[in-house]
Each structure stands twice: as structure tokens, then as C-alpha cells.
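These are the structures in question, set out in turn.
Next come two complexes, and both contain chain A; in the first it sits with chain B, in the second with chain C.
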Partner chain A sequence: MNKTYDNRAWFLVLPVFLVVAFSAIIPLVTVVNYSVQDIFGPGERYFVGLEWFREVLRDTRLHEALWRQFLFSGLVLLIEIPLGVAIALMMPRRSGWAASLALVLLALPLLIPWNVIGTIWIIFTRPDIGLLGYAVNSAGIPFDHTAAPLDAWITVMLMEVWHWTPLVALLAYAGLRAIPEAYYQAARIDGASDWAVFRYIQLPKMRGVLTIAVLLRFMDSFLIYAEPFVLTGGGPGNSTTFLSIHLVKIAVGQFDLGPAAAFSIIYFLIVLLFSWVFYQVLQRVGTGDRR
Partner chain B sequence: MKLERSTAPAGAIPGAEAPARAQPRRARGFALRKGTVGLIVYFVLLLLPIYWMLNMSLRTNADILARFTLYPADPTLANYASIFSDPAWYSGYINSFIYVSLNTVISLLVALPAAYAFSRYRFLGDKHMFFWLLTNRMAPPAVFLLPFFQLYSTFGLIDTHIAVALAHTLFNVPLAVWILEGFMSGVPREIDETAYIDGYSFPRFFVTIFLPLIRAGVGVTAFFCFMFSWVELLLARTLTTTEAKPIAAVMTRTVSASGLDWGLLAAAGILTIVPGALVIYFVRNYMAKGFALGRV
Partner chain C sequence: MARIEFKQLAHTYRADPRGLEDYALKPMNQVWRDGGAYALLGPSGCGKTTLLNIISGLLQPTAGRVYFDGVDVTERPTAQRNIAQVFQFPVIYDTMTVFDNLAFPLRNRRVPEPEVKRTVERVAEMLELGAELRRRARGLSADAKQKISLGRGLVRSDVAAILFDEPLTVIDPHLKWTLRRKLKQIHQSLGLTLIYVTHDQTEALTFADEVVVMHDGRVLQSGTPQELFEAPAHKFVGHFVGSPGMNFLPCVLEADGARVDGVRIALPPDVVAKGRRAGGRFEIGVRPEALRLEAEPRNGAPRVRIEALAELGHYRIAAVRLGTHPLKVKLPEEQEPPRDAAYLCFTPALTRLYADGVLVG
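Our next item is the complex of A and B:
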């Protein structure tokens, strides 16, 4: 597709630019401003240069939160992508009431407010009133996400997989639906196995949507806040304190504006770096798909 | 192109609907039975936590704490009644609806022309602009918490619906541009050119011909905007105090204040699922089609 070169197209982009500038650029400038100053109160602020950055980078709790975050996001991708694809493959390929019902059910967890997700899982996993917690404890295995770090991790992962795998499944299903029926007929005539159909027809056709799924899931799991905050509050100890939770603790809990702002910038740069890498991959997949 | 001009009457582009209708019919799965069983097991697991909350919402707090039962032995609607009779509760729902709708409208209005520009033209800095937009989708909301509060205080917007709606454009506008661009790129350029030759002005072409062609895309985009604005809590809670407080924030406040009334909490949770379920019901036919046509 060759597009016309026309700078007047900027007029069409201008509204978006203005809106996003208002809600992104101005706040970002404020953050940069905070990050190099020590603020005691209104009118009492001193320029401290890169002091906050040095302090934040030496903070071991930040390092721990960062590795925890990478582990979490890695696990999320490892579990949700294959599971989502498997579910999409099981979905009815013919449109009809079964497919509609399946789609509605799949989309349900995606439309529940994030703190309610946390609430659902508290109610579901508590040892005294929760179905899961009660059942596991009755089976003789002690399980309490408020006391044991491992249990907390298992609960947060279960919640995350429950919450977001449907998005991967929806995207993968959309990719599957775009495959013309003739491909399957040809495969059947050739006597192709299910695996061969998956490997040589379905998977290549899903490559585009799966890249988007990986991108979205990485981004959102990296920014996760409300669900684990409601469920575990970052505990027990700091075992489920992810980057956003740590940041809000510093910014709102301790009101250390300088370090919080420096942390914000580092956090943002990490996400930016990854998003740039993903964007490059995405572009390559996009052009590769076009043939 | 010239040939089409003579045959196509203004306002009606023949064959424009055809690509959307090209769905695989007669699709018989290779392993339908096994797959269906797996799917049913998955959906049971998916619904189990929601069922459990529903179960809790139909019981009084004393009953919940007293005994463990798999279903409400004597179901009561008392929890729902107390929510619907307390303005502090139900105004939360109204507030959420107002800012989510505002956000969806703003996002769509600004994203539609921009997405058209990205899908049809090259211009100075277009790639950078697109990437910059996407980075905002990736910005951690926690980072923007304090600056947003300051910014909206300066403009006197704290505790208004428009503040939350504007804050949510941070992640919804980039997403809307991204999804819509995918849909618009799927519409052949020839349609634009034919319309211009037929003497359509840009606004008239855009509204009467182009928008109907991508209405599935607009539906999917609205769905995503609604979804991400409805579920977000951190920004919505920070920017509101009483007048525009979202239901999700009302829930957290009540939890910390009056001890834990599990039944009431569960009932409020169930009620937050209802609008989402309604939205899905309305866009269900667009969803598979929509996801497949667009890039998302």
C-alpha cells in the first residue's frame, strides 16, 4: 500500500496531539521537575541535581521489586499465551449461538473493574469463607495467601491467568476466524494431521494477533497495580510488591516526591525501552505478513 | 477507477459490504468433541469465582461467617437493597457511567480523524508520532498520579467527571488510534478516490461513506475504550473525592471503614459486572468479526 505524502494530514492528527499532550507531556514535565528538587513545602524547594536518581538506583527494595516484576511478567507470558491459543483452538469455528455464548463468557472477566477482580479472589481463596481456600485446606494442604509468600504468589498468578487469558484467547480466535475454509479443505485432502494444520496453517496466520497479544500482556502485566494491591497489599512482607505498588508506596504513602519522581522516570524508561523493542518486532511481523 | 466512476452511483459503493461477509461457513472441527469438553471445563473454572461472589452476595454477613455452604441456603436480597437505598453507593455507579461515556466519546472523536491520517497519508514525523502515541499506552498510571493531581487542581477540575475522562484518554486515545488505523487500512483506497471524484467533500465522505464501512471497527474501539475506562481505578480514585467518585472507589472506602461486610462487598462487586456484561451482549456479533478485520 503506497500512501500519499501530504503534510496537511497533520491537521487530522492535531486533536489527538493536543489531548495527549495535555494528559502526557505536561505531567511528564512535572515529574522531571520533581525529580531534581528537594521539596519541603510550598516555596521551599532546592535543586539537588541527580541525587534522587543515585539514591533510587542504590535502593535494594527497588531492585527486588524489579526482578519480581520481570519474573511475574515472564510467567504471565509463558502461561497465558499457550493457554489462550489452546482455548481459541477449542472454540466453535462455526458462528452461531455457541460461538456467541463462548465469546460473551470469555469477555466477562475483562470487563470487571480491577479492584473487584482482587475482591473476587479474596472471597474465593480465603481459608475461612473461600471455596478454593476452604477446599485446599480441607484436603490437608495449608493454604493462606495472607501468611505464606508462595501461596500469595500462586493466588496472584491464578488471578492474573484467570483475568487475562481470555484476552489472548479472543485475539487468537480472531486470527483463526480469518483463515479461509479452503485451507482446511486442502489440508484434509492432503491428509494433514491436526498438528500439521496447527503448525503450518493456524500458527502462521495467528502470528500478527499473537504479537499484539504478547505486547499487550507484557505491557499490562508490567504496569499491574490494583489487583495484587487489593488481594495481598504487596505482602506478606514485600513478596508481591510489584513496581507500581512500590512506587505508590513511596509517592503517596511516604510522600517522598523527589525519589518517587526519579523512580517514575526510571520506570518509564524501562517500559519505553521494551516497548521500542516490541514495536520493532511488531513492524517486522507486520511487513512479513503482507508478503 | 474511471470505469467504476460511471457505474457507481454517489452514496452507494457496490461490494463494500462483501469483505465483511466472507466468513467461513460449514466449518467442521477436526477434534470437535474433545475440544468442546475442554472448553466447557475451562468455562466452569472461569465462572466459578464469579459464582462464588454471587453466592456470597445473596447471604447475610452473619450467615457467611457462621457456616460454609456451596449455595445460599436461604437467599436474601438484603445486600442489594441496602446498596440501592444508599445514595453513597448508587451515585458511584452513576459517576462511573458518566466519566466512562465521556471518555469513550472524546477518545473516538479525536482518534477517528487521526487514524484516518495514519492509514492514508505519509507526513512529516508520522512514524515517530505513532510510536509516541503508543508509548503513552505503555506509561504506568502510577507515574502520572501526582502530576495529574497537581495539573487538575490548577485547572480546578478535581472531583469532576471530565477530569477522570481526560485522564483516561492517556491510555484510551492511543489504543483507539491503533485499533481504528488497522480497520481503516483494511478499506481499499479506491473507495476514497471514487468518492472524491464523485464530488464528495472530506467531511461528508467521512461521515456518510467511510464511517459506515468501518462501523465494526468503531464498535470494537468503543468496546475497548469503555472497558479500560470502566476497569481503571488508581487514577479515577485519585482525581475524585466525593462528587465524581467511581463505584470501585466507593467499594474500597466502605471496606476499610465499616469492617468487612462480605455480603455487601460481594453484592457491590456483582453489580459492577452487570454493565460490562450488557456491553458485551451488544457488541457480541461485532467481536469476532471486528477483532479479525482490524489489527487488534
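Our next item is the complex of A and C:
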């Protein structure tokens, strides 16, 4: 058999390769490059191996930021996913003006630039002029996110839930709308309760969109930067310094490019690992597949 | 089991119906015998599914009442009607096993678990699902899923009727036949009332004892497959049932028969008399199967031109022209097809007269 090889076909994938190279591979390799060198200036650099990784992993500030970050993302998922599903269930099932109105109102927070969201919440929660801050303080509860760590956390969580729950609700609503009417009719004939309809029809049929929602919300909340940076700047103290805020302090504030690069790679691997775990679990839970 | 009766039943999906044309179901009275196997036949959009959903209570009729065994159930919700329904696309509960799927209607009604187990196993046996009971329902084939949908109806001991809404649409052709036979078996052994919606006449004619033909929200005819075939009550039924459909020829009535473009067609005197009383526009209706083509003229058979011949395996369909009117004639396989022209013979017993589209005799 004489096979002829025509390698010109590779040129067809060249554009994609170039785009991916410039958008992902080259920047990532640059970071790897920085993470194993100590750079003093152009032409003045030394190979240090895994030294930066060791230093970063011993950094207690980073440990604190990491646990803070897990707590934050965990709360985000625990609040936003059930709340988003609940909102989607309450939305009108048939399309009409009511559904359109609900969709527009829901989508509003998603249309606002992220740093503007931080600014909105600074003003909204200010004890002297902010609607929420003033109201809560007038009710006799002292509330100031610039002074009390707990108040700062509550404000950041409120802002995050307000900002991103609509996305979960929209995804869940899309999932609900895709369920054929026959399922609801069959459930009525089978005498199923509302809970059974939710548990055995709606929830399983939302598996796909909820997987996407969990992944998006986990990744986004784990990488959150702009909104808390504008709102609290990571304070008071370090109480709302999340991983990316800490990272920016090292990289831009102290200009420690080596440790910052090492930190970035660890950060990336954590996000990748957890996204993979979530995806695997959500694809299999309740399906009886055990692989 | 139950006898289902409609009294002056009508339904419209509009909030402000202006007239009868806005009604998806025109006012009707209809009785479904206890233990009967009915097929509801009609083109898409004729109101079949609406009618089914009214029986199962998924829809509230705009007007009229529904009775099960003489009890008015019009206001009763679906869950209390003891109706099972199988939909066009199999509805299964993805995350459950086959067993749990079949047990679902019983568990919702708080049936004790030992009885659930007994019933589910009996029904699974009947549907040949016994081997799959422990499997997840998700990975099964379409026909197995459709059997599960049917099984969820059969597990309930109190079921009055099982409604099928084009249940074989997504099933492979070679499995359709097996599944249909299974349905017939179940019908014979359990004696349930079955109502089977379809737009496929083969399915309707092979499945049912009685076929109900619907068109545009009305029941046009209800009868055995033979009745539908030999004496369609309405022109639409003649067209819709049979392949190809019935031939219709505009005619004028004479003393001893009808005349089509100068050709005389014999009719019994009582039919002619009834036709005169009915009045209106007359047509002769005759099935392609009730016509013959002869090479020699006999008994004044008219000469027709043959325009086309279609080979359909074990028979042929000839398209001929009688005067200005096109006709289809079914030729048996063994007959040598005549060329160009032949003589057309009618079977008097199967030649029908219609006035304004309605059967006279």
C-alpha cells in the first residue's frame, strides 16, 4: 500500500493554533519562566528552581487568603445556586409580558461594569448617606464595612449575591423552559406532589445548566477581584483580602514577580482541580454511573 | 374500567370565541364503551389530543360534561380520575431505576411497599421488562421507555381507561408491530378501555375494534374498520381512510341511477329515492378496490383512457380518466395491465352516493 501524506492540511489549523498560542500558551509559559528565576533587571537574572514555590507555600498571609477564598466561594455556591433555582421556579412558566419583564429585571445587575458595582455598594452601605447603611444604623444596629470585618463580609456577600444570583436564575430558567409539557402532564397523572415533580423531573432536567452555573460561579468567585477591591480594598485589616487581591499586592505592589508567578501557577492549578472535581461529581450524581 | 360519556362537550383555547370556527372541539355527544379498543384517527390539528386531554382532565372543557360510569367527573383533577396516559415521546423519570419508575404512581398514592413490589413485578413480567427492573431508566431504548410509560398506567389497579397519544411515533418500524401486538394482548387480558390517538390509518385499523374519525373538531364517523372502508359516512373519511383514498365523481341523479359526464352508473332504487329527498350536490364515491378494468366492453362499461400506472409491489394503481374526471383503480397483481384504454366496471354493492359530501346510501 502506498500512502500519500499531504501535510498541507496542517495549515488549516494554523489560525486557531496562533490564536491559542497568543491568548493562552505564551502568557502561561512566560509565567512559568518567571516562577523559576530571580529577576533583578534586564539581563540580570538567576535560575532559582522551585525556591519561589517553597517560599509562597510557607507564606502565612497566603494561607489565610486561601482559606478566606474557600469560605467565600463555598458561601457563594451555597447561597446562589439554591436561591437562583428558587427564583427560576417562581418565574412565569409561559412566555408573555410577565416573563419578559422578570427576565429584564433579573438581567439588570449583570449589565453593570464590575467596578461600578463596587462603587454602587460603597455608596449604598455608607452609614452617613447610604440608603442601606443609614437605615440599618438608624434601626439601632451599628453597621460600617470600613471598620468591622463582619460588616465588610456581609457587604461583600450581599453584593456578590445581588450581582450574580441572576445569572444562576437565568440558566436555571432556561433549563426549566426546556422541559416538555408532557412531563408535567405525566406527573399529574401519576399523582406526583409538587416536591416530587421538583425532585424527579425539574432537578434532573436542570443538571446540565446547573453544572454550568456551579462551574461559572465557582471559577468567577474564586477569581473575584474588582468588586471587593473597589468596595473594601481587602480590608479592614486583611479581612477581605482574597487570593487575587493578595496576588496583585505581591506582583504590582511589591513587584516580586517570581513569587507572584509561582503563586499564579498554584492558583491556576487549584481552580482547574476544583472545576474538574465539580464537573465529574455533577455529571454523575444520581445517574447510577460509577466510573 | 369505565364507560366514558360526553354530553354536549366542546372546547376552545380562545378566551373570546366569536363562533363555532374558534372551537377546537365542536359540541359533541360520544360514548366510549367499557372495555372497548378505540382508535381516534384524524389529521394533525383536528382536535384528537384536545379530546384526550379532556378525558384525562389535563384540560377543562369550555362546555359540556364528562361522565365515567354515569358519574360526572368534569371538575375532578387528573390525579383523581383513574386515567393513564401514554404520550408521544416517552416520559420517564431519568434518575430512577425501571422498578422505581413503575412504582412511582403507587408510592405517590401511599400503597404499602409489599403490594408495590408484587404489582410492579407482575406488570414488568407482562411487558417483558423483568430483566431490566434494576437498571436506570435513562439508558434504555425508546421502545423500552415507552413500555415503562405504559407500565406506569398498568400498575394502578383502579385504572378506568388508558389513553395513548400517538405512542409509536418515536419507535423503530420493526418494533412498532411487536409493541402494537403487546397492546392488543394487554387489552384482551385486562379488558381495559383503550383510546388510541393516531394519524396513521394502518395503526388505527389494525389496533381498534372501533375507529373514530375526526376532522376539524368534529367526529365524522365512528365504526369498525370495515364500515369505514366500505361505507364512509363523509367524503373526508373516504379520502382519509384507504390508500389511495376513495374516488369521487360529480354526477346528476336519474330515474334508475346516476350519470357522470354522460356515462350511466347503476344505483339501487332506494338510494336514488333517498338522494332525491336529501337534495344538494351529488357525487358518486367508489373505492379503487371496487373498480375493475376489462379489456372487452361488457354491459355498457364505459371506455377510459389510462394515464399512468404505478407499481406498488403486489398490486398496481392505474390512474385513468372517465370523461373529464380522474380516477384511481387498484389492479390485482396477476392481471396483465391493459394498454392506453380499457373498459371500467363498477361493483354495484360498493358504489356509494353522496349528497353535499355526506353519505346517502
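Here is the rule we use: the second predicted complex is superposed on the first by the 257 of 291 C-alpha atoms of A that agree within 3 Å, B and C clash if a C-alpha of one lies under 4 Å from a C-alpha of the other, contacts with A are read in each partner's own complex, and residues count from 1 in each chain.
Here is the rule we use: contacts are C-beta pairs under 8 Å (C-beta built on N, C-alpha and C of every residue); 3 or more make two chains touch, one makes a residue touch a chain.
Since the structure is predicted, the reported quantities are computational estimates derived from the model, not experimental observations.
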item	value
Touching partner for A:D6 - first (chain B), second (chain C), both, neither	first
Which superposed partner A:P180 touches (first chain B, second chain C, both, neither)	both
Touching partner for A:L78 - first (chain B), second (chain C), both, neither	neither
First (chain B), second (chain C), both or neither touched by A:L269	neither
Touched partner set for A:M90, first chain B, second chain C, both or neither	first
Chain B or chain C, by number of chain A residues touched	B
First, second, both or neither for A:G191, with chain B first and chain C second	second
Touching partner for A:L150 - first (chain B), second (chain C), both, neither	neither
Residues of chain A at both interfaces, chain B in one complex, chain C in the other	180, 286
Chain A contact footprint on chain C (complex, rising order)	53, 56, 58, 77-79, 83-85, 87-89, 91, 93-97, 104-105, 108-109, 136, 138, 149, 152-153
Interfacial residue positions of chain A with respect to chain B in the complex	1, 3-10, 12-13, 15-17, 19-20, 22-24, 26-28, 30-31, 34, 86-87, 89-95, 99-100, 102-116, 119-121, 123-124, 128-131, 134, 162, 166, 170-171, 173-175, 177-181, 184, 194, 197, 208-209, 212, 219, 222-223, 225-226, 230, 243-244, 247-248, 251-252, 257, 260-261, 264, 267-268, 271-272, 274-276, 279, 286
Residues of chain A defined as touching chain C within the complex	180, 182-183, 185-186, 188-193, 196, 200-201, 204-205, 286-288
Touch list for chain B against partner chain A, complex	22-32, 35-36, 38-39, 42-43, 45-50, 52-53, 56, 64-65, 68, 70, 106, 109-111, 113-114, 116-118, 120-124, 126, 129, 131, 133-148, 150-151, 166-167, 169-170, 173-174, 177, 185, 189, 227, 230-234, 247-248, 251-252, 262, 265-266, 269, 272-273, 275-277, 279-281, 284-285, 287-292, 295-296
